[in-house]
């Protein structure tokens, strides 16, 4: 099981702040993870078109869509950051 | 008569902070002014070798050695500035 | 050169004068330069009543610390402090402060600029507007100019 | 854009926290950014007991005002304050403060940097060292790096 967190408008669109997910072995990269979420149900389908917009963190480190995320205990999906 | 001010090590070497001088009509530029001071007496002779080091202000505006200073009410000679 | 790094992410109102005073009075004799930046909530000419800042606890602190460490390895700074607010922030209130001390001005000023540019694009905070009419406004969009500002620090 | 410029040259000790607080609390709602620089007297690892700062009254204020006006015409800043000390300044005491407010960070930070670079080379102040053994030390020499820092702002 991996703990998955959603922030800002991603959180609002998926309708929850976090959940625990058992990812299938076929999910190897951050891009696979987004594709898998988008296919899972209607609330997540928007991720298909937002795949190049949203950011993914694995164990609180930013990752690219092609990065391997297997073994991460915590994943997060969120919009581009607007801090500072 | 023009009021002339000296600052920092220029002030120390000439031995005074200010004086009033009647400049001859031959003194047209800031460079002429330094040359005239240097020739005036021994305390000012060091200005010959410091001519390209010291700065001149005319009526509280920085001037270059070739700038015309005729008509200025106040002249000043000082080292490169080290404020801030 | 050892650099003392202090990072905090807070939900309470920041008192910027107090933060600066604490930093200033604990400076060493040889800290000839202190640079500081304060980012404040803008009222947008009366359009906004607040910005609400969401953050990713843990990762926010980690990303800011990473920015501060990068700055400390890049410039000879003796101390750097970063404090970032989350929650609802009203116009005029401080969102972020970055302070850096160094012997000379260039290092302190550039370190502050670097950390600010990094925070804008890489620290997990998201701002949403609250409007004067009492309704929730949109999420603030990321700016291309911030990406550009970040990129200028990338080394070849 | 109108910019409020405040310049002072003072013989008394500067309280930097008070200067910052006054600037911060009188900022407008749309001043999203406040950048600040404090230049302090260094002890040079115990070698110095003070710096004595001589200035050219009148011209010092005029040159600082000119730097601040240049900054205001170059960047969209709403306020800029510069305060410079003269007389005997001890390690840790503030020699100069520059504060700028703007909507966005780039303008405020660059305006502060610009004014500092200008002051170092063009404002009529001269520093002399006072040594820990009680004797008067040499006049501080102008640095080539300051001329270079100034020149980077010259427009083609």
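By written order: A, B, C and D. Residues from 1 in each chain.
Throughout what follows, contacts are C-beta pairs under 8 Å (C-beta built on N, C-alpha and C of every residue); 3 or more make two chains touch, one makes a residue touch a chain.
These numbers were taken from a predicted model, which means no experiment stands behind them.
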Least hop count linking chain B to chain C through chains in contact: 2
Interchain centroid distance [CA atoms averaged], chain C/chain D, Å: 23
Chain centre separation (chain A, chain C; CA means) in Å: 26
Inter-centroid spacing, chain B versus chain A (mean Cα positions, whole Å): 72
Rounded Å distance, chain A centre to chain D centre (Cα mean): 48
Where chain C touches two or more other chains, by residue: 39, 116
Those chain pairs that satisfy the touch definition: A-C, B-D, C-D
Chain D residues touching chain C - in the complex, by the definition given at the top: 16-17, 20-21, 24-25, 27, 29-46, 91-92, 103, 105-106, 108-109, 112-113, 116, 149
For the chain D and chain B complex, residues of the former touching the latter: 39, 53-56, 58-60, 62, 84, 95-96, 116, 119-128, 139-142, 146
Contact footprint of chain D on chain B as seen in their complex: 5, 7-9, 11, 57, 60, 62, 76, 78-84
